[in-house]
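Notes for the one structure printed next.
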Amino acid sequence: MNNVAHENEQIGWSREEMAQRCAQDIEDGSYVNLGIGIPEKVAQYVPEGREVIYHTENGLLGMGNAPTDEELDPDLINAGKKPVTAVPGASYFHHGDSFAMIRGNHIDVCVLGAMQVSEKGDLANWSTGAPDAIPAVGGAMDLVAGVKTIYIITQHTTKTGAAKILPECSFPLTGRGVVNRIYSDLCVIDVTVSGLKLIELAPSVSFDYVQERTDVVLTNASNMSV
Amino acid sequence: MIDKRVTSCAAAVADIKDGDTVMIGGFGEAGSPIELIHALIDHGAKNLTVVNNNTGSGRVGLAALIENGQVAKMICSYPRTANSLVFPELYRSGKIELELVPQGTLAERIRAGGAGVPAFYTKTSVGTPLAEGKEQRNFDGEDYVMERGLKADFALIKAKQADRYGNLTFNKTARNFAPIMAMAANKTLVQSNEMVELGDIEPENVVTPGIFVNSIVEVQSPQQESKLVKEGVVYP
Amino acid sequence: MNNVAHENEQIGWSREEMAQRCAQDIEDGSYVNLGIGIPEKVAQYVPEGREVIYHTENGLLGMGNAPTDEELDPDLINAGKKPVTAVPGASYFHHGDSFAMIRGNHIDVCVLGAMQVSEKGDLANWSTGAPDAIPAVGGAMDLVAGVKTIYIITQHTTKTGAAKILPECSFPLTGRGVVNRIYSDLCVIDVTVSGLKLIELAPSVSFDYVQERTDVVLTNASNMSV
Amino acid sequence: MIDKRVTSCAAAVADIKDGDTVMIGGFGEAGSPIELIHALIDHGAKNLTVVNNNTGSGRVGLAALIENGQVAKMICSYPRTANSLVFPELYRSGKIELELVPQGTLAERIRAGGAGVPAFYTKTSVGTPLAEGKEQRNFDGEDYVMERGLKADFALIKAKQADRYGNLTFNKTARNFAPIMAMAANKTLVQSNEMVELGDIEPENVVTPGIFVNSIVEVQSPQQESKLVKEGVVYP
């Protein structure tokens, strides 16, 4: 337990840094769908010189920044129902066509949040299964089933310190075996056929520190020493 | 002569009956045909099954229709929103039924209903609780769920421009579910910001061809749901 | 056999008259798809004052007349691949959407030719089943399966005098139980649950004359005496 | 930077391999990407499965591709036309395979392939020889046939306007199969009459969004198939 000293400190990546780290992996020319919350921030950090086209499932390809007061149009919103703009070269289409893009494997990358991720890449991010909750799924199940690459941005553990990366999700699944990579506040983990592989650690975070907070045995493929 | 124009929202919704299935366009407030919904509240048809991505916000539009006790069942993907006051309470007290459908499956079911396809297969929801009780099938090594096409007695949608044949265009992301709902309903009722002459909409740019439209009412300055919600307006 | 005297005469309706008779039944405001051949002629004879919108399955609603030389555009053709025009209020769409209109029961009337029609309204109009023929079906099967009302315009018998209206079609079917009404050169016949009902005779054609040339027992519901 | 423009038809088709499935847009000559087809003839890929509504006419375009022995199988709805010289002979001599599909089923299979739907049900062809060997199923008292989604390695289509993102518009009924083929192919190659700047195509009027397009070559004055056929032109 050589990390006890860190327990009450702010260590690892901030929310902004997680988005920034993820953004490094968004390739030039990608078609990208960003979920609500931290994933939305990824767009700000895509490195200069890369041209990325953002899809929002309510019918727009080529989503731009938030509007100025003059640009604001309540008929131009994103999947989170926030006002957005459209870039030159954008296109509008109906929901049937929009989800044909998703279901038909045309979107390259989707970045989403998570409640739990399993060793096999199962994702739970829509419901805690609580009996009194109003169930609401939106487009999450379609996105994870249809988009080529699924990136997850999430705190490594819950607010109470419980592991979110688990042998099996206890919450209802969003999709089975769908996650490709996890960006947590502590590290970057790839989901591979041979299990979860830690490929990068946040500054001053050790492999053991991450392993302690993960309910699944990780392979260490990072360059940092243990 | 073909002239699908009607003079009021009340006239447009007059034939909706108790127990009908009604698709209502819109994703949040964008594309929500609020004047037609309010006319449906005035009309009073009950025991409706309503198909919409959400359940409305505040106490106007779709939320007001629900609050007014006219909706027995919602078919939707996301029954919560920031200002979702009405649905959660009714749902928890068992006064309204909910069929929760992933958004893309909802869209494809509506499109299938309109295209004469009674059922199709999708990967969406495989391995999740929303696949439970549904037929599953493997094609080429992948698992899929069978989903049924969805049709409606009526669709209520909002357009930007319409001509007397019923050709429609939409404004930006307010298009969302409207074109496929227009296909899936026996009768499609449209509120349009503007009526134009035949040929004013370039034939290449027609989004919904008139064949999918039955009645059009011009509502030049539709109310904006979020503004009404902010002002605390309650309909009726 | 009181009709023997007619055998070698031109009796009954001409091709133009068959189209004209059918056109009387095209209601104001209908969406109509007309097959190649005699059915195409129906458009010319729709009574004044009725506004009818023509669909062609290659992606146009609001098909107009043949073009003048100035109007001719090889990119604007009908399902028979002939040049056409578009009326004000027309719309173009892709094949997926065009057949969604057909399959989804949105077209009111389709008028087609026939090789054979059965008592139950089965239609054969795409293949004689000859082993050396190149099979070609086009949109016929979609139209008969999806359009609300199917009208058939056909000579009552083949060129050699064989019946085309039969207990069962011997040729491969286009659709099963799909025909609503037959306009032949001799009469108009409705397909009903209780069999084929002759509802109108061409001038100077008798019911017996038609019955002789029909391999199915007809009910006579015409106003003409037998 | 996203720039899908390529400098020649030869460059566009360069990656097509022997044995590939290639969807080719067009209904008769309207929308037929004749320059891309001729480039594919020059390229020489063999044993192709080609999806098109017809089989070409005369001895240019698709007919020439077939005559050149590059097509092992045609998937189409109507393999005969007025000037169908090539296909009938090869078919009768058993040199080319034919999968005959009703036109609307062909369209819907292509749309399903592009939309991630592996199979769907349709009433079309029930009770006919084209339903033989296919799964049938009754929904709500009506019989339906199960049909499979159709995908392709490449689509070759013709557009009216294109921008560097690959957003497309089409001319009149030349649109036909192009938008759905663009969805169903892994790589969609476009010949466009005109290249325009980003934003020149109004976002509401984009017919095929760029996400479905991979390569675009400008062909300002494409040849007209019917004219070549009338002149007796033979390609190559």
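We just call them A, B, C and D in the order they show up, numbering each chain from 1.
By definition in this document, a residue touches a chain if its C-beta (ideal position, glycine included) is under 8 Å from a C-beta of that chain, and two chains touch if they have at least 3 such contacts.
All values derive from a computational prediction rather than experimental measurement.
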| item | value |
| --- | --- |
| Of all other chains, the one whose Cα centre sits farthest from chain C | A |
| Interface with more contacting C-beta pairs, comparing A-D to C-D | C-D |
| Inter-centroid spacing, chain C versus chain A (mean Cα positions, whole Å) | 57 |
| Whole-Å gap between the CA centroids of chain B and chain C | 37 |
| Inter-chain centre distance, chain C versus chain D - centres from mean C-alpha coordinates, in Å | 30 |
| Shared interface positions of chain D, touching two or more other chains | 108, 111, 115-117, 122-123, 170, 172, 203-204, 207 |
| Residue numbers of chain A (touch at least two other chains) | 60, 86, 92-93, 99-100, 102-103, 146 |
| Chain pairs that touch, as defined at the top of this document | A-B, A-D, B-C, B-D, C-D |
| Of chain D, residues touching chain C in the complex | 27-31, 53, 77-82, 87-88, 91-92, 98, 100-108, 110-111, 122-130, 170-180, 207, 224, 226 |
| Chain D residues touching chain B - in the complex, by the definition given at the top | 108, 112, 115-123, 139-140, 142, 144, 148, 169-170, 172, 202-205, 207 |
| Chain D partner contacts - residues on chain C that touch it in the complex | 56-60, 73-78, 81, 86, 92-96, 98-100, 102-103, 122, 127, 132, 134-142, 145-146, 172-177 |
| Residues on chain B engaged by chain C in the complex (per definition of touch) | 1-2, 111, 113-117, 163-165, 167, 183, 197-199, 201, 203-204, 206, 209-212 |
| In the complex, chain C residues that touch chain B | 28-29, 31, 49, 51, 53, 55, 60-62, 86, 88-93, 99-107, 145-146 |
